[in-house]
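Take a look at the structures below.
Same chain, two partners: subunit A is paired with subunit B first, then with subunit C.
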Partner chain A sequence: MDSENKKWFSIPLSKIKEQVKASCNCGKTSGGCSSHQEAEKDKRKDGFEQIFNASMDRRNAFKQLSTSLLLGVGALSSSCSLTADNETKEKAQLNWEEQFKGNYKLMTPAEKKETVERLVRLHQLETASNVQLSSEDAQADVLFGYAFNISKCQGYMDCVNACVKENNQDRNSQMQYIRIHEMKEGAGFNFNESDDNYYHEVPAEGHFYMGTQCFHCENPPCVDVCPVQATWKEPDGIVVIDYDWCVGCRYCMAACPYDGRRFNWSTPKVSASEVNKKQHYLGNRMRKKGVMEKCTFCIQRSRKGMNPACVEACPTGARIFGNLLDPNSALRWVLEHKKVFRLKEDLGTAPKFWYFMD
Partner chain B sequence: MKQQPRHAILILLVALLICCEKTEDNAAYSKISKQVWEKRNSPQQSLISIDSLAIQFSLIQVGEGHKSFLIPDRKSQLNSYACSECHRHPLPAFEETIHKKAHWNIVLQHAKKSTMDCRTCHDSKSMNHLKSLTGVGIDFDRSYQLCRQCHFPQFKDWIGGAHGKQLEGWKPPRRSMTCTNCHSPHKPSIEKRWPARFNTQKEVERKGK
Partner chain C sequence: MRRLRVFKKLVLDSFDILTKGAQKYHLWMAFLTATMLTGMYCYSIQLEQGLSVTGMTDRVSWGLYISNFTFLVGVAAAAVMLILPTYVLKDLDFKQPVLIGEGLAVAALLMCLAFVIADMGGPSVLWHMIPGVGVFNFPSSLLTWDVLVLNGYLFLNVSIPFYILFRHYQGKEALSKVYVPGVLLSVFWAIGIHLVTAFLYQGLQARPFWNNALLGPRFLASAFAAGPALIILILAVIRSQTSFKIADKTLHKIALLVAVAAQINLIMLASELFKEFYAPTHHSESATYLFFGLHGKNALLPWIWTAIPLNVLATLVLTFHKLRIKLPILYGACFVLFVAIWIEKGFGLIVPGFIPGPYGKIAEYLPTGIEVGVTLGIWAMGAFVFTMLARTAIAIETGEISYKR
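After this line comes the complex of A and B, so read on.
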């Protein structure tokens, strides 16, 4: 594969392959033997082409033909049926198109717009309510960062409530991206012995509070392990997930050293009146069963210049959000003048989430 | 002679308009103070967040060193400002009269009595102003100049951006809360309260069904 031409990352297996090829049975280094033809097959395939323009042998062709026939019959029966109404047909058509869309990361602006329109229409057909779905891209010269003051946090958990509300998290399983750990003073950062589900008057005597969530690492291990490239780091530093590309293998959940990721074991349920309708494709739009999700620094808010919901909800001012590339931002002042640290610095993940104290 | 009644009507109209505005203002104030009171009494939220109240406040520029940012103004949020509406005479003149019972709800719980009393911050001669330790007048909108006299490490952090909640968003210009938006100057310590949330599902999952 032409390494300069491709859009996605892959493990450099091609070099290993070349060595194997050179020592194949025919003894030649090029042509004449069927194993040498593989290199010619490789060319950039994207979205639709990945499925429909793939070269294949006869057996695979029959396999795919029969599968697509079955799918087609299903779609036909609903879209061309005389008994089904127009809405059902439209829904089937939209679902069909959604099924064959590419990875969001590889989409052109026009394709992004199309999928957003489809999703909005589908939501309208399913729930009879409108949502504002955005596909806003990262702004230039912006790299988001976060600072957390462990001497200011009082453990009120207003941030958790605001986060759940803003990001349409599943109410049944009470999923929450943020955890506030109640830690004993003088005992170090001992997460094993801290309590993240306390219910008593806070701040408790002799304790301090420390919040964890997705740290949006500069070198995110969760992105490296994803087998389908459904998660990646955006130019403004936010690590995002394409919920429609995620296969739910949970490798990323295992790879994250900070417990930043959450899995939807069941279809997320949010009552219609509580749904936050200002959504982003990569942010708080409704998820499906069996996909990963996590904090996105409230991408739907932060890309509009607002603070994430947790920052806005915190009554103590312990949470500071800002642009790391702006030398005049409060965040930069904190990083330059306070004693800051990050969790598990030795792993080399370089989180963009710093802790500091007064 | 003909123009006199016209003048009179005009004056009456203006007076009426002023009266109307005044009553509207009062209504707005009482609405805000009611909201503040409700928030303060609710067990879930003992702290008052300006965002949650959605008060339309005007912002004033603060510049210290090379840092410059915006803070909410204070005078428009004070229910009983201007103080001179009652305090027409210097404070000592009030002490012997019935007015001594005013402000009964304010109990100073800030520092030891030997360190401060009302007159450490309030200018007894000019009640519309605060005063520094050396007697220099300070505007109510700039009360942080009073706090910094003792709490200079906090003041330094506030100017830099490490102390004090950010308002509205991360984009410049920076907007921050000022000292008195979170800390009552008469009782600056923040009370304990209950957390806003308890995750029952987590409890069930961890303890086993």
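After this line comes the complex of A and C, so read on.
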């Protein structure tokens, strides 16, 4: 956003220019630009690893010494036991380090690499299989967006199935990020009388279909309310969750006006043969019970330049995904040539998910 | 050093007092302990299997725990109703009930914290919320405000009565210049904890049922009715079971406070009902669901239609001076009012916020046995803590225990 004082939210389609500007000549408030950066770095210290690397004043010293003492005793007892074999010991050690790692959002690249290595090793120890876990960052000049063609969707739900498979969602509770709403023709967009849980042949006579999922708002209410910053908007516009930092209070769920978030009410189960092994730390890696999850525009695919699974699976071409900052993308063509609209615009959330009709 | 010695003696004395008592007292404590143990067993199942053992789902993601949390913040805040006249207006006959009120606030706050922790998906990573150690999303998240104000209020309500009782235990007068500033602070703080808790819901544009400017003030009014009503009931029990003297005049004064707060609460209820039903919009659907049911789904009707008549009845009884001064009628009215507000501020507030869902889906919520078990366990914990605090306070105030060299 170009102005801090702006009272409304809009998608920063002119972001490329701004990024160039932000690189140095900061004529803004306090200090020169180098000290500006340092202050930001300082703010980003947190958690176990980050606290130990922090510069320490006397006031914090006692607090941190006592924490480290506690940690040390625990680590000692778990890793120095004579009875446990090596693998159990290693697992205990890794689990211990995982329990006390910091928030992914604030990790340095080295810390990200370490936690990814730990998680891969833990998965190996637990299931004797390997996963490819990525911690790829957002690319520059990319802002992801999505468009949905209501005229084309026939309600086949291939997107839903592909999404579940791609993102390793809990099979027991049949968790689904996407909901397809079946609506009566002639009644308008009447969600109240729509059915998002149908089990009959589609397309049903006299009905049309409309899909909803996380809209990756530019001004996401879920991010503001999280008490621990376990969810945030990445530079490429994807709203993500650090599953290991989430405390499971479900405040974000109450704050989301689009039913975009899901909670793991019990330990998610995916049979070993069905696990998608191409994973991303912020995307489809295995979750645990008691944490939030949601659509990430298939971050493990989209950051590699691929379409999300739902887009690829859609047999009718109703789903269009792309880079909003790329003037030649299909998405930009849709936004410029179709009459597009978004849901609940009055709430000021600025979703990056547009609907249109042929 | 001397203070430490006195403190050690105080702990020993109070332990002595707490382990001795009439048979009724022992039965009461045994009952509470059994309920707490049942609650802990239920919680262990929840820890093991996850929150799927509760009635909550992706559609209704907060339930009985958060309902009770919201209500109990109000009970805790209500201690202020007694603090104000006692310390600031120098109304002396309130001094002793205030100690009880602050004890109640401590117990209620502990219950609040317990309910929040019971509702968490990952209690083992709760350290992420500790300011300085984890990442504290302040001031953006209202939940972090709530953590600050609730713990601050807990500190105030522990330290003020402790100071007063500690002085009295040694046979000294409590110095007003030491504790009155703290008391004044806690008066504002009490309003703060309840407003902040209301803002927690009020600030969500996703839930029109909560996103309404009256929510905060209405929280305050109902809290200042339900809290002192509970205090009247507790004082009634203490009066009949211990040698602690509480004048009728004190009860009547608290009753007047309850009556006024209950009347204001009813006015606000009327205003809310008018807004929701005079010109119903899409945003009135949650209220319609709560009061009349929606598309054949009506799980909350029995609750709310118990609460509203009880609320009106109790307020009417409390309004008439002739009825209010008869103690048995007063106790009855207070009990009825307490139950009515518990339903309205708990279940009747949290659950309809989620129904209908963001896309009009109506999925109903009913708590499971495990959820009820944990809830009862936490209430028993609160009662247990309160009984211990109140017994020690009464023993000190009546001179039953004191520090002698």
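Heads up, the rule we're going with is that the second predicted complex is superposed on the first by the 283 of 358 C-alpha atoms of A that agree within 3 Å, B and C clash if a C-alpha of one lies under 4 Å from a C-alpha of the other, contacts with A are read in each partner's own complex, and residues count from 1 in each chain.
Heads up, the rule we're going with is that a contact is a pair of C-beta atoms (placed from the backbone, for glycine too) under 8 Å apart; a residue touches a chain by one contact, two chains touch by 3 or more.
All figures in this text were calculated on a predicted structure; none of them were measured in a lab.
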Touched partner set for A:Cys249, first subunit B, second subunit C, both or neither: second
Contacts of A:Ala350 with subunit B and subunit C, given as first, second, both or neither: neither
Partner chain in contact with A:Ile320 - subunit B first, subunit C second, else both or neither: first
First (subunit B), second (subunit C), both or neither touched by A:Tyr258: second
Contacts of A:Tyr198 with subunit B and subunit C, given as first, second, both or neither: first
First, second, both or neither for A:Ala187, with subunit B first and subunit C second: neither
Partner chain(s) touched by A:Tyr156 [first = subunit B, second = subunit C, both, neither]: first
Which of subunit B and subunit C A:Asp224 touches, first, second, both or neither: second
Residues on subunit A lying within both footprints (that of subunit B and that of subunit C): 173, 196
Parts of subunit A lying in touch with subunit B, wherever the complex brings them together: 144, 147, 149, 152, 154-158, 160-161, 172-174, 176, 196-203, 302, 305-307, 311-317, 320-323, 326, 328-331, 333-334, 337-338, 356, 358
Subunit A residues within the subunit C interface of the complex: 46-47, 51, 60, 63, 67, 99, 103, 106, 173, 175, 179, 181, 191-194, 196, 212, 221, 224-230, 244-251, 253-259, 261-267, 289-292, 347-349
Subunit A-facing residues of subunit C, complex: 49-52, 54, 56-58, 61-62, 116, 119-122, 124-126, 128-129, 132-137, 140-144, 147, 200-201, 203-207, 285, 353-354, 356-361
Residues of subunit B defined as touching subunit A within the complex: 45, 47, 49, 51, 153-154, 157, 160-166, 168-172, 174, 176-177, 182, 190, 192-203, 206
